[in-house]
Every structure is written in structure tokens, then in C-alpha cells.
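A, B, C and D label the chains in the order they appear, each numbered from 1.
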Amino acid sequence: MSYPKKLNKEDIAFRASLELPSDSYVNLGIGMPSLCAKYLQKEKNITFQAENGILGFNEISKEDEQDENLIDAGGQFLVKAPGMSFFDSAESFGMIRGNHLDMTVLGALQVSEKGDLANWMIKDRGIGSIGGAMDLVVGAKEVIVTMDHVTKENKPKILKECDFPLTGINCVNKIITDIAVIIVEDQGLILTEIAEGWSTEQVQSLTEPKLIVSNKLIRYITK
Amino acid sequence: MSYPKKLNKEDIAFRASLELPSDSYVNLGIGMPSLCAKYLQKEKNITFQAENGILGFNEISKEDEQDENLIDAGGQFLVKAPGMSFFDSAESFGMIRGNHLDMTVLGALQVSEKGDLANWMIKDRGIGSIGGAMDLVVGAKEVIVTMDHVTKENKPKILKECDFPLTGINCVNKIITDIAVIIVEDQGLILTEIAEGWSTEQVQSLTEPKLIVSNKLIRYITK
Amino acid sequence: MTKKYIYTSYKEAIKDLKDDSSIMIGGFGVQGGQPTNLMLALRDLNLSNLTLIGNVAGISMVTGYGWKESDKDKIIDQSIFFKDKQVKKIICSFPIPSSRNTLSEIEKAWINEEAEIEIIPQGTLAEKIRAGGSGIPAFYTKTGVGTIVEKEKESKIINGEKFLLEYALNADVSLIKAFISDEKGNLIYKGTSRAFNPIMATASKLTIVEVDKIVSSKDIDPERIGTPGIYVDRIVTKNNELS
Amino acid sequence: MTKKYIYTSYKEAIKDLKDDSSIMIGGFGVQGGQPTNLMLALRDLNLSNLTLIGNVAGISMVTGYGWKESDKDKIIDQSIFFKDKQVKKIICSFPIPSSRNTLSEIEKAWINEEAEIEIIPQGTLAEKIRAGGSGIPAFYTKTGVGTIVEKEKESKIINGEKFLLEYALNADVSLIKAFISDEKGNLIYKGTSRAFNPIMATASKLTIVEVDKIVSSKDIDPERIGTPGIYVDRIVTKNNELS
């Protein structure tokens, strides 16, 4: 089967940025999720948290103005902003685990049709980095996953069951990939958006569990 | 039986002040224990903690200079001192419960020969104020009790078993009263100091459990 | 929610509170750190069947405890809610003075069986609230082992020592006091007026803070913030310095 | 102990540390907040059989993670202790980079079965250390339910949800980093360099802090103190401003 062109990282980040609720507190995972911030609509009044102990940052600092005491969990140096606050790791994860964040956006290796997430260990490596992800998926009110739809070997990453070690069970609310947007519901995975040029059959062929095509299916929203 | 003159509150406080170890962190309970601070030997370098969230206070403020944001747990207003620090109640009791304080000095209604302490509820009232005492007795490395040796009705307060509700079990290390100083050891209560004019028999007659008279028994140390 | 509601009227800030609510009251139970103006507004709302959670609860009005000499004629404590039978239950660590000669309104209500009192060791009370705000449903502590606090509680031997299982405590509303807020709800506390305020801010569905003044987030030192704005919903002050 | 030992030599400050110790290393695992000079002195002491407890553990030296561009030639992380086989075990949340092309010294030691790695979710790691310092021997958390973290752990259903029992974590020594100390060991932190430092300060028998400068307690703002001096035993700095 040959497939149409996929969207890129920036498209996924833009699409994910639309998910961030107005007036919300959000933690963006390392990598693709943190790209979201670039597309943030200012009028939404969103405040970012990073689990290393900061709330209220906006900008990444210039290379020659980096401050070692002002950094996010992904290792990006930040710029001072009015209303920032700092706290230690116990307090930071109290905030996360205590359900105070409205949303987290995370990367994924695999997602199951029940919303299980695997994002910290490649199966055959035998070792991985859990970091803050396990706390974020149990703590944030909503969990959005951004990822490529398939692996580099073209294998589905959306599966009936994850075979990589799990980060959390039953925790993902929405999956945003380079070809589709899928909502995780009790009855299954609902395909709600599809990239330009793609058919639902093509998306299904790259997805292990049966997708339920939304009767409101629309074109994947891009810039 | 008629008895010699008892010591007063100030004498007890002075005697208790001698217990405070050099270079130690100490929490003084409300009432008689807090009087200790008055007799503090400066060269001992003692730092006081109060469970409402302060470390490093020394002086009580003058009535016309009271600051509502600078107070100890007994409701005494304090004077600013270099090196003071403040913290919330969870942190304060983390400090207490986490065994970071070297000593606490507390008042008592009753103490048992096993070192059980009852200091928060008069039996027939059916209601009382626990406050921070239960945390202090499990958390401080050493627990000193200051109290009158008998009740107003002349009944012993040092008993085989407390009949008032307990604050903690097996927690008291030393009892300083208005007639004696008694150490709580595994083998029983060791009488180590006795007030001027008192005989060991007289002290025993006001104490329910059998006292073991120390072979180093000395006169109660006063100013 | 990042959007904060700012009030200049204590009455307005609490007017939608409801009967049967659980309400945490911040501070230590002394003048400093107590949300006194919010408490007075709540009393005037005259709700019923409330569950209050505080630390020292009814001592100041009978003994003057923790109030400055110069303010002795203005003393307010949590006993104000008991006079008109607004309270079903109070959870606290220190509800009565040691002397029986001075009955507080809380003790009177208890004697008349109008209100229930649950007394919790102060450190356990603080830790239960901190747990409630930070997603810890239960924890073990040594505090209370061998006392009536142990009654009907699960226990566990850990490294040869006995510990009690204590559960998290949450509430519908927290009324707290801070020194300064900015418009994002970031709070600065002063001295010993922290006490139960920072933890109570985290443990309720709705947190309302009374502050001495509100300033722009441009004018607040990020290093001094004791409660990040994420925990705060409403801010009340008579002294609004927002430009 | 209220008496603090003040050093100007990192080597002197740690010279009595011993083989077989458990050592907490503060910060987040990035440049800011990491006690880099104490770590270098510890490496040079060349102990064996250590148990290290840190957060992000061996990423910076292979990826540059969390170090300023201008300091890229000076990067140090916890992997320095693995090269000479000083470590028996490391407890952390983030020991390896995501790519297999860049093996850290920690992963190499693990592959060669020279060191054990225990990986703990970051929030659980923080809470275990906080528990260790504050007299909480164990607590329940939802983090890790349904994952391999759950393996062999006790669990409990509370209000219909499943939670895992996690135990407190303590150590022999904590090496931490703060911005300023006074002579009483009161510490001030800066920005995001808090991370694991304040909790690790509370959880060990011996806490040694590296600071940018030490000043008199007369010159330190009590409202800014992040770690009260009670938790600190030794202070090291190249910048002693004590008069």
C-alpha cells in the first residue's frame, strides 16, 4: 500500500496547541509536546508548569542569556516572566498528583485502545527513564498524546494492547498523530480528524484496533 | 504526714533549663516549660522551635511592639532575631516527627513508671486539646516533663499506670517536679535529685510506683 | 483555572457558599494568618450544617490567646459559628482551653450535643491536609500510637515499629489569609502567619484568600511566593494596588 | 546540632565519607542546583560500593542536557562515579537518554552488570525522600498502578481506587546545592535550582551543602529561607562573606 504525505512535527504541535483549554494550567512533555508552546494563542491565558519546579514561564531564552537557575524539565533555558513561581520537587509533584493541572501533553511509544500509554521504555532495551510521566498521567485532568502514527519500521503504535512496559493504564484522552486525531472513549477509539489526502481505510490500515469513524469526521486542522 | 516546702515554678523552669543540651534544637511546651527560656545559658547555643512554624527565636516582645506575624505556639509575641526562619504547619511537623529536634520539654497531668505521658485531657471532662504534643513525644529525641509532683488534691501524678487518656507511650525520659528529679529507665524510675528538706521517703509517699534511689542522689539543683 | 476573581467585598467573595459544606479555615488559630474578615462574612451568611476544619479553634475569644494587646477588643475565632448553630462538626487539634472555668462556645455546643468535635493531633491534621492537596490518599505515622487516636485505625509494623494509617483530608472550600497576592493568585506570607494556610490552599475545591493587598505580578518577587497561583480561585482585599 | 562546620575546601568537607554509604545528590540532574564541586571531590575520594540517590542521573554528559551553552565543556553528572566502579546501585527516575546511540556510563555499568539501577517515578522518588525526612514511613500513591512499578508492592483500594504502598527513603549523606547560606545553615535557593535539594536536606544523617556564598544571619532575609538550618551540618563555599 502506498500512502499520502504525512504531516510534520510542527503540524502536530500546532494541532495539539488547539487542545489547550482557555484559562488552564498545562504541563508539556519533553520533545514534540513542548513545541506546542510556539503556537499558543495568547488570549487563551494558559500557564505552563514544568515538573522541575516552575509555574508561569513563556519564552525560551537566547543562547547567550541562559540562566542556570531558570530552566524547564526538558532542559530548555527560560526567560523571566511576571508571576512566575518556583517550588521543590515534592511540591511540584504534589501539584501534579493532586489533580491541579488541567492538561498534560506527552509523547508516546504506544497507546492502546483502552487508553493505556507506553512512553518510557523500548521493550528490548531492558532499561528506561520513567521521569515524571507516570505521575503526570495519573495527575493531570486530561492527557493528550502527540506522536507519529507508526514506527520507523511502519508498524502501528496504536495497538489493541501495548507490548512495551506501560506508563499508565486507561489514562489517554486524545491521540494526535501525523495523520489523524483520535479520541479514546469507553466504546473504543473514535477517529475525528484525518490528514489531507488520507482515507479512513488508509488510517485504519496503520492502526491495529478497529477505529470508529466519527459522524463528525473532519479534515485535520492545520495552520 | 506534713511535708517540707516545695519548690516553685521558677525553680522547676531553671532546673529544666539545665537539661537543654548544648548546640541543640528544642521545642518548649506551653506554660511552665516555656519559662525555661528565661534561664537559658547563652553559651549553650540553643535554637528554639515552635510548632506554629518558626525556628530561631529568643525574646518575648514588649506589649506595645507586638507583631501579629511573629508569635510562638503558646501565643507569645516574639522579637525578630538574626537567622530566624519560618515554615508552614506540614513542614513544621515534618521537622518534629522526622526526629530533627533534640529535645522537647512538656507539661504533664500524669506520667507512668514506663514513661507513658498523659497531658491533654482531664479524665471526666470527656474532651481535650491534643495540639502538637502527640507529635512532639514521638518525634523529639528526648522528652523532658516538668510538673508539680502531686495534684491540687495531693494525689500522685506519677503513677503505675496513667488513668487519663495518653499523649504517648514509653516516651518520657526525665521528670522534673517541684520536689524531685526522676529519670525513666527500663528498670524503673530512678530518683536522682531531691528538694531541700525532703527525704526520699517523703518523695516516695507522694509517688505511686516504687522509686529506685540513685546511688548518686543529690540535692535538687536550684539557682 | 488561571482566571482569578478579585473582590473588594468579603461578603461578595463568599456569597455563593452553601449549607452542608466542609470549610477549611486557615492560619494557626491566632490573630496572624487567620482570615478574620472572611470568617465574619461567612458568619453573617448564616449557613447551617457546616463542617469546619481548623487548628486551634475556640481559644482566643475566651482567653485572648494569640491576639495583640492592642486588638483585644476585636478578638474573633471559630467559635463565632457555633453561637447560632451553624456547625454540625468541627475537625481540629485544639478546641478547648485547659481550664474548665472558661467554656468556649465550641465546648458549650458540644456539651449541648449541638455539634460534634473530632480532635486530631496537630501534625497529623497538617499532614492529612497536605496529603489531600497532593494526591496522597493515605499515609502512616507514629503519632498517636498507644493513645485513643489509635482507636479503630488500621496499623502496620514497619521496621519493627508500629504506625497508624491516616487518610487525606479535603474540603469544599478553604478560607485562607496571606500578606500579598498578585492578580495571578500567587501568594506571599509573612512570618509565622503561614501555618495551615499554604496546605489548606491546596486541599479544597474552592480556595478564597483574604490579603492585605494585591499588587501586579510585575511587582512580586517570584522567589518569595509561598503559594503558587494555581491553588487560588478568589482574592479579596480592601487594598487593590493593581494598576 | 546547631553548631555548623564551614569549609572552603570541597575535599575537606567530604573527606570522612566512607565506602558502602548511601548518598543523595541534590538538584534535578541539570547544571543549576547540582552540587558539582562536592561531586568532583567525592569522585576523587574514590570510594567503593556506594548507593547513589539522584533524579536525572547520567544524561548531561552524553547529551548536554540542562547545561548552558557557555559551559558545555565543563559538564559533570552522576555518571562520573561509574567510570571507576565506585557505585553498587543508583536509585533515580531518569538514568538513560532515549536514544540507544548514546550510552551513558551508567547504562554501560548496568550492561556490564557492575551496577544496579532502580528506577522510580519522579514524583514517587520525591515523595519517598520527603517522607524519609518528615517521619512518614510509608504512603499510598496512584502513580505506577498497572505498570511494572506495581510489581511486588502492596496495594490498597481507597474510595474505589487502587493505590500502591511506597516506603520512605533515607540516606547516610546528602550532598546538596544552594545559592546562599548563613552561618546557622539557613539556605536560600534560586529559581528552578530547588528541585530535590530541600527534601534531600531533611532525609540524611549528614547534610553537606555547597553554596555560592555564605553571609551573616544578620544579612539574610528570614522570609526567603528555603531550608531551615536545622537540616544542615556542613557548609562549603569559596566565597565566605562572614565578618
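Couple of notes before you dig in:
Simple rule for what comes next: a residue touches a chain if its C-beta (ideal position, glycine included) is under 8 Å from a C-beta of that chain, and two chains touch if they have at least 3 such contacts.
Values in this document were obtained by computation on a predicted structure and should not be read as measured data.
With centres defined by CA atoms alone, the chain at the far end from subunit A is B.
In terms of C-beta pairs in contact, the better-connected of the chain pairs B-C and B-D is B-C.
Computed from the mean C-alpha positions, the centre of subunit B lies at a distance of 29 Å from the centre of subunit C. Separating the CA-averaged centres of subunit A and subunit C is a span of 37 Å. Separation between the centroids of subunit C and subunit D, computed from CA atoms only, is 34 Å. Counting partners per residue, subunit B has 86-87, 93-94, 96-97, 138-139 as the residues that reach two or more other chains.
Residue positions 127, 130, 134-136, 141-142, 189-191, 222-223 of subunit C are each in touch with at least two other chains. Pairwise chain contacts in this structure: A-C, A-D, B-C, B-D, C-D.
Against subunit A, the residues of subunit C that register as touching in their complex are 1-3, 130, 132-136, 182-184, 186, 202, 216-218, 220, 222-223, 225, 228-231. On the subunit D side of its complex with subunit C, the touching residues are 127, 131, 134-142, 156, 158-159, 161, 163, 167, 188-191, 222-224.
Within the complex formed with subunit D, the residues of subunit B that make contact are 23-25, 45-47, 49, 55-56, 80, 82-87, 91, 93-102, 138-139. By the touch criterion given at the top, residues 28, 30-33, 55-56, 65-71, 93-98, 100, 107, 110, 117, 119-127, 129-130, 141-149, 179, 189-199, 226 of subunit D touch subunit A in their complex.
Across the complex, subunit A meets subunit D through its residues 50-54, 63-64, 66-73, 75, 77, 86-90, 92-94, 96-97, 116, 122, 125, 127-135, 138-139, 165-170.
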